[in-house]
């Protein structure tokens, strides 16, 4: 199992809606609005890095209003 | 009361108009054009972090010509 | 109550220890190692923005091996 | 007369002291602690761009604990 | 002969197609999807820095869905 | 007299044309294509910081294909 | 098996030595000096994301002269 | 012949001296102090990309007070 934080930038004025829509995507644990260089921070999990990549590209990035996503996989050192 | 600086990037050629429009938004103390990585720097204040977030998303980010805002809340340490 | 994500960069080779030490700080909900531009992502909460600022400066930034912290307060829009 | 915002990054744990010391430098109008990618935001003014550069290099950057300054001159378009 | 890595950002949801199309451009050795601040990393080679610049501008940047490219020429020190 | 470097990012595939058009703007000393995080680097001069700001906003940023400009005034310390 | 590119920043003047030392670490496929925002680009592989994280933290980041590493796992979409 | 701009960040308070020392290095055409995210901008030229890389690493980066250099080769498209 792979966990990750996904730091998201949205079009201006879209962050609230983006967070709400992402919250309903399977694999997404939490999606919250934040201030600062990112607009929404998501916690998600998937079976593998490739599955995580597919979750981001095929599901999360399809949400209207997202301009950039930055995936930060959690590592257990 | 929460104060914040909001560092704004605009579409090319729009900074002057953006600063002028933002100046008239309630809660905005000052809005000025600058050179460098940001185009406009705004000082604003609100009742709480959530109100500040709403001011940025619902009022400032609605101004036409803004591409990114970066909110930096003032902290009293 | 104010929640925030704190994105942390550490000196090379220090991320694992930084995450472990931060986990024990009161107010910190979770601290995990990640890969990408940040090394550790922390979730914390405090009574106010000022308290959050004090938690970051007086507690988290005192952990040896941290080079930069980026605080992203959660906003409820 | 040239006005500018100076966005400052400090060593971890030093922002509060940096803001306090900078507040006392002639030409500095205001210096405040913030959260986000910058730690202190300063407003300053000088006779010319060159004087502003000297104020930053010869006075502000001499304050112990500063790692980066980013000067954003105000422009009147 | 000049080698280079080209770090590419794409529109959301376009990285997979971008990598596939770039793979077929002469001078491109490899093009792979990655996670993090970049979406696709390409390795390419050309006769000179100017030829490399032309390969990037005239061939790679023409691929639909690319928003930024960052060329990092390999140097033999 | 104020001199400045202006670091420019363009839409993909537009850098060559942007550099050529900017070269013809009064106040621009040189405009060249580069590789790396910026696409075109310009050297310009104006009577004052405000004039420089106007040159950038009213002339350079009007050139089609520019997405960001970063003005770095030269300072004589 | 997980592949990744690791984008490395080094202390000034250290990139050549860093690339040479990293080349000898098991799991590293290639390590080259580049110009631009990064100084060395490494290609590495490991059994899992956690192993990749350990390779970076326990082996690569131990090389003297490295200031930042940015791991970009390859994803097969 | 390869030309390049080299964007330099220095330790706080060192930019003026860095620019002066770099001005005397063979291959350097001009070195000036600037304000903004960079502290010194250099124009240099060399026989090839590899020679340019060596000039930066072996000569420019040896100047005391430099923390980062970003080389942007000029390309003739």
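Labels A, B, C, D, E, F, G and H are assigned to the chains in the order they are written; within every chain, residues are numbered from 1.
The criterion applied here is as follows: a contact is a pair of C-beta atoms (placed from the backbone, for glycine too) under 8 Å apart; a residue touches a chain by one contact, two chains touch by 3 or more.
This structure is a prediction, so every number in the text was calculated from the model and none was measured.
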Check C-E against C-G and say which one is joined by more contacting C-beta pairs. C-G
For the interface formed by A-C, which of the candidate pairs G-H, F-H or C-E is equivalent, sharing more than half of the contact pairs by residue number? F-H
Cα centroid separation between chain F and chain G, in whole Å? 35
I'd like the Å distance between the centres of chain A and chain B, where a centre is the mean of that chain's Cα atoms. 25
Considering chain F alone, which of its residues make contact with at least two other chains? 15-16, 33, 35-37, 49, 52-53, 57-58, 70-73, 75-77
Chain E-facing residues of chain H, complex: 2, 49-50, 52-54, 57-58, 73, 75-77
Please give the residue numbers of chain D that touch chain H in the complex, ascending. 49, 52-53, 56-58, 61-62, 66-73
Touching residues (chain side chain H, partner chain D) in the complex: 9, 12-13, 15-16, 33, 35-37
Chain C - residues contacting chain A, complex: 3-5, 7, 15-16, 32-38, 41, 70-77
Listed in rising order, chain F residues that touch chain G in their complex are 35-37
